[in-house]
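Every chain is named by a letter (A, B, C and D) in the order it is written, and numbering of its residues begins at 1.
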């Protein structure tokens, strides 16, 4: 992924990567026979959830810590259309940040190996009890960052 | 609406009616240029919510009574397709029942006055605190039934 | 599947079966924490498409024959709720008919082996060129029926 | 709308504005009780379609010219959450460009007058016959630009 909208952090650990596969559904395609642009949040969410589950920072990990991670920004670059029944691979990279946020970039690859879509998202962390924005990540996330820094996280299993 | 799947109750008050208008959205249409069958739950929900709000048995009325009214059955008869940008009227009838349930029939009319779709739904009432199914309606709903019986409810304002 | 709304046909071949797995997505869950009833058309469509592809009567087989198979009826019985991240198996049975239609029943099973949802659909066959309803199935479908009758179709591979 | 990601064009006519109203639907809200971020493409599309229809550059105007205008970029800034049943106003501004593209900015306002969301989209124009990207806008759009420049377009009718 060439396009990284995030500030470069010196000596940051390498991004964490993950990928999922999906097939374009009939219901996702519009009157022009291509995936309607508004279906792509679901594509990005699929890989974001899978990445989170794999590295121990998934939806339920946040929920147990009484923290939510709503989106603050979401961006799509539609480079090529996706068509009915097309097989696609959705890749994500989580970029290092010690702030109470999650910075991800995304790439969708079709079955001819072409990048059809790229994008990024920024999530902030919010206390589920009082809805306040967190200034520092919750303890479980700080442990995750420490393990990332020390290279102790599970490997990316590669394209499923 | 000819098709009424519900048991006829002798001396029941007449059904309560309501209608809303809506235009077919680009995102609702499939590769064949017609509304994908799976969008219709939203069409029925629009009129069900509006009918509930109008007669004082809306989502928030139930919520305040700590009762939910999830669907137990939902049925669609697709008679004619709906096309891009078509204007449609969605009509609903609430049928009399003293049980802890809501029995509705629906009809979608296109701008040429044709019935394109009909259907029905059955909702049961559930206690939000312990998720148990209610045997009798909550007090606010019993008051509503009494007012329905006594013909004290607001009129159907007619097609908006 | 106990509930079969279709007329019993004497000496009909046994139904064709198929199943797919799916996980409840965050975007499918409503404010009460359960899957919104209007997401289920997608669940049924997933298994209907997979069954069609497996037995040679999928969307693309119909498209090549210039025939569409839009839904004429769709019915849901919601027996138990589905929750966030739940794993589910969606089963379908295609019931024998020599008419230009497809009669399916469905069942959704949660990861505790409980049936949460059942339902059925009826599709008619439509000529894509002039939108007329077909009285007899197209040749490829008649060949399919012959192979079904003669027990020459691929086996159900079983729960994936 | 403060945030305008587009290059300033000297002596460009003022942006064209339009607004639509909408109410948050039950089906749009997630398990946290707020609108799921992936529903917002529909919100932006509502106002984009209405703006296009009002100024004579709607979906059907493009379709008649055998041109489509798919999205090339889409961006969301989620500033505040939207909740169940909230009334919202969705505003759009079309920014002047003589290229074969549409540059829009968006703003969602809640019923307390707060901006909850902003964003932008870039659409390119594509020949529907051969799928090639247009270098210059089609004749009907050039006429529209001329009328915009000469201040001959219909007024923004104001918040409906």
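We take it that a residue touches a chain if its C-beta (ideal position, glycine included) is under 8 Å from a C-beta of that chain, and two chains touch if they have at least 3 such contacts.
Keep in mind the model is a prediction, meaning the values are calculated, not measured.
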Chain at maximum distance from chain C, centres defined as averaged CA atoms: D
Of B-C and B-D, whichever chain pair has more C-beta contact pairs: B-C
Rounded Å distance, chain A centre to chain B centre (Cα mean): 38
Chain centre separation (chain B, chain D; CA means) in Å: 33
Chain B and chain C, separation of their C-alpha mean positions in angstrom: 26
Touching two or more other chains - residues of chain C: 26-27, 38, 41-42, 45, 84
Touch list for chain B against partner chain C, complex: 32, 34, 37-38, 41-42, 45, 68, 70-78, 81, 128
Residue numbers on chain C that touch chain A, as the complex places them: 25-27, 41-42, 45-46, 49, 59-60, 84-85
Interfacial residue positions of chain A with respect to chain B in the complex: 26-27, 29-31, 33, 36, 38, 84
